[in-house]
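Working notes, beginning with the structure itself.
Letters A, B, C, D and E mark the chains in the order given here, with residues in each chain numbered from 1 onward.
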């Protein structure tokens, strides 16, 4: 299997896969000029470029493939909204990979611009790490669709892998949300509201990219460009359905998170209620008793009760009777 | 009545009902190849298949009935969204059964893929248990519509039974919600918020499946496929209206649940208010009294009041007066 | 004036009004067969039928008037959504009467199915009591529109009365909501949250029926059926506008109820705040004083202050000073 | 300047302005029949009628101007929704004036029905007071557009003044909302939640009338009636833009009010927190001290500490130490 | 670089840039009449006018450029909604600059009306300070698009700079929101709710202007006016995409702020809970102990325990035992 090389992100890395029904060759390109010969051969090729810092390289590419200056800016502006744009001799697609490099962090969003023409597919990423290894593997299969079908099918497979990754990220978020839900229902003390809000942000991060992806696919489905073959249609429709499924799941998760916050807050209120009841029961029973004890602790010279033989005994009866009355009152109010 | 057999879910179970205006035969099939002869006869047949684990069987079916690989994947992917898809010589429908196997658990969602062509209906379920016994009974009636009308009417009856089951599940949820409402209004102590949130999830589970079912039926109504007979139209429209009714009821239940949560929380606040008032009344009356008692419990050598003849008597007047003043104050504030 | 008879709801009651520009006769029908002659005469007739329990009668009607089995089911299913449906020789309308039989209960919803053809109008109700007496009165006027215009105008008048009744029910709910608002603003103790939620349910009950009525009227307005005369158009449009007005008022009431709940809860918070402040002021002033009194109530043999001549005098200065300081502090914090 | 006369609201008041490029005459009409001659002259005239109680007058008008009975009912029904309706020889517009007769009360809504034909404009109000004086002034200008342009322009000016008044009412509400906001932010004690809710109602009152006014203008813009001149189009569009601006401002105010309620409630929570902290700090410091003082106030015969020389001194060290520890604890918890 | 002069805002300031592929001249104009010659030359010119107070100047301009009186009012009315309007020989665009003159204040909204015809662009601002210096710089570049392309391209660049400024303001708000979020998560005491609500207002201020800007651009894109060149289309589309991006970011910030308020309020509840627990634990432990101490501080003559040798010792065992029992109880309840 051919693997993608890592390099210092300051430089641009370029890999070129020349392929056809009987051919598969991987080339390492140093200069954009090295690509020109591929444009003339009868095979198709995939140029995968990583890194947006080198302005000169991007400029040369835009000249070689006749890219409009505004499109070049879209490629360089990594906050570009996903879109599908048709030009005279190629189609330009902006997409967003979302993946976890490290499961303990938030997922990373990386822009991937895809340009495909009659015999070329160009993918331009922000940095070398990508999720396209399955494509590199599938290319090696000489009887696979990748080698036989048009460049639009190739672009579809890139998008399909990106959308599948959305499912992974969503699933990972769902697991976290469900574990938070378990914590809240079991009233575990370690639940932290900011964690819940963090998952809300992840859901929003996916939603933010998946909604324009749906528009992108909708435009692709309706496109009548000759580069978009009729045979690829069912495949585009399939990714489109995946995107709809993700959107609906995101909505469900959004509602789950709202429910979690509500549940968390109501648990807090329930606990507060219990705390206040405990305080009130204790205070209501003992404060009057303490007052009575205080009364007979006064030092007045003339206090007849103090001299009674059963005074102390009577006072204990008063203490107990008052306590019982209070307990009965609280029982009737269903405070226990 | 012909009943569906249960088997180990690892295997695929297949029952074939051969039927026509004068015929009804049930066959037990072991190999997919055994189905081929039915395709040639003039009768219609229903193939009901349970179990998705055996890849080989599904592969054979997809070859026999000329199913697109993406459609085969939709059948296998049990999180596929309900949909209506037309092909050259058959129509593919994905639906979801929702039923209670055990009333004390949440309802179960099971995917049912339906494929119908000129003289065959195939239903593919996840596991053997199903809700289609009424269909098996209706098939036995030689003058019933099931035997006379086209395969689209047969597919409609499957869908109709599925949608009727949604009503059952919804009704069961409504009963639970209403009993929760009674509990909350009677301020019963056993109400648990997680139970309310559970019902919210059930409502969402139904909603999630019923919304795309509405789109499915809308597409079916508009379809101009020759397999969709004009005579079946009013029936499709009828299920469609049922689905709309379910959607509106779901919305009403969703609002009921929100109202319940609000009511639960406000009851909690009302109780908290009462607890705090009790504490405040007791504390406000007795804390000053205890202070006064404390004052005359001090051991200063020179405290003139202690020597007064009516000191103790006066102090009790002070105690009672202060209490009455407080009670009057609270009465005026309407705290009782 | 001709009045509707009451009967045991187990039986079906049928009244037939034969009418034309010069004719008005009321007939009591026992068998459906008795209706057949009316179909042939040149006059129009209104058949008003109450009671859905007698399956045989409904079956006979459906045969006499050529009603589709699914439509018959819509008539029997009292949770059918209001709708407008056109058939070859008649038009079928499902509507809902909402009325108060008893002002202290929630309003009652009763389904009324209306079927009108060239010279007949059939109205089928769940039970005998109805709100159609004004129609019976208007029929008696020989120069009124009821006698001159088509059956669609007759159906319109039925609908018009039903919609006018929605206004009555809404107005009754509004009065209750406004009285609840007055109670809450005057902070009356008798306000109960469940009463507010009850009004929310009434609003929802009306909304639930009025929304599909709007769709029904919208379909009627657009209908090009020959049974729908152009002259009736402005009348249909007028009911339509009433329905829009009801919908907007329902929305306003829904918001009022939300505001009421908010106001109720915030009043509760304001009261709780006041309770807590009272407790805190009393406790904060007296707890330290009680401590000081306690100190000089200790029985240590060596406590120099106890022997001072002005000890008791000084301690009172301490008590008063501390109290004044506290009062000043609370004043500054604006707690009074 | 010609001014509108006030009269007892029981009667109908009618003023007629006959006008043309060279003419302006004001007439006082007692009987509807007096209007008939104006219909024949070549000048245009404006009939302004105040009061809906006199059924006879309205009846006569409806006969004179050929008004449909349903339209007459719309005029009399003061809860009619604003609308634009075209008839064979005139156009009927229902609008709502909203104005403050007294700044300390809520604004008043008054229905104004406008009917305009080839050479007449009729405005029908509920009662004599109106906001049309600027129109009376503009009419006096012989070179103004009012005198030259068609009746649709005249109707536009009426509507324009009505919409401008919405701005005034909105502005007045905004001022109140802003002063409530200042009160809440400065935590003034006089803020009352019902006042906030009152402003919400005013916003809703305007919104309720301005939304259908938008539909009305939208219909007017699209109208192809010969009475609607192309030259008036930019003016209608201008009012339409004002209405959109009002709608957007209403939405902003609605959100401001929600924010105010939130702010009010959270201020309440903040205060409650402070109250509780004060109580807790005082109680937590003094309750244990009071206990210790209580211990040494016990009268046991054998209590060795009481005889110690420095017992009293040590106890004060204990008091101070415990207090300091508590203060340190609260400091660490950031309660101060 | 040519810079904009500042002047007293009472006066109108006018700068005229005459430009073409080979020409760039800046003129200072005192009277509107001085502009007339530019209208005849073959070059294009940009008239930038600051100040709306001088009615006479605006009147003269409207006559010179044939501006409709309603459009003139739109220019003067600084609360005009952004819009795109086509006239016979020019196009009128209303936009809003939003910028920070001082970072510690809220951003300022200033209306900029743009009118462009075949060879002129007029921009009319409220006051002299603007954000158009980059345009003045770009004009100096003789090979730049500004000099070569049509007046619609010039108008686009004005709009582009305005939209870019929205990003700056949004970013500034986002920074503040994020710092508020950090404060809330770290539970810093200095967080003030009014600051959060202030940022909500800024978000709303941008949203309010950016939504109609989207409509404006949408109208521009669809315009078939000859002044709108096909070559400018991709540029308009580019600004349109920026506007969509801003709208989505505003929505995200709106949700962030809601989450912040929720987080703030729940932190408050958590703190309150902790405060109440502290109070309850201390009070529940010491109040009963103080009562017991009070009992043995009573002065009854007959109290046998007082004479016991180990009475005092036993009482301490009771104190400690009771305390331990309470602590155990709280531990079990997980209050620590």
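Couple of notes before you dig in:
Criterion: a residue touches a chain if its C-beta (ideal position, glycine included) is under 8 Å from a C-beta of that chain, and two chains touch if they have at least 3 such contacts.
The UniProt protein names, listed by chain, are A, B, C, D, E = Magnesium transport protein CorA.
Only a predicted model underlies this, so the values are computations on that prediction, with no experimental measurement involved.
Removing chain D from consideration leaves the other chains connected by touching as one piece.
Any chain that touches chain C and also touches chain D would be listed here, but there is none.
Remark: rotation between chain A and chain D after Cα superposition is 145° (nearest 5).
Residues touching across the chain A-chain B interface largely differ between the two copies, under half of the numbers being common to both. Chain C has its Cα centroid 27 Å from the Cα centroid of chain B. Chain geometry summary: the mean Cα position of chain B and that of chain E are 43 Å apart.
Across the assembly, chain E contributes 269, 272, 276, 279, 283, 287, 290, 294, 297-299, 303 as residues in contact with two or more other chains.
In terms of inter-chain touching, the protein chains here make up one closed cycle, each touching precisely two others.
All the chains close into one ring, and from chain D toward chain E their sequence is D, E, A, B, C. Of all residues in chain B, only 68, 70, 73, 79-81, 83, 189, 193-194, 197, 200, 204, 208, 261, 264-265, 268-269, 271-272, 274-276, 278-279, 282-283, 286-287, 289-290, 293-294, 296-299, 303, 305-312, 315, 319 touch chain A in the complex they form.
Of all residues in chain C, those touching chain D in their complex are 185, 234-235, 238, 241, 244-245, 248, 252, 255, 259, 262-263, 266-267, 269-270, 272-273, 276-277, 279-280, 283-284, 287-288, 290-291, 294-295, 297-303, 333-335.
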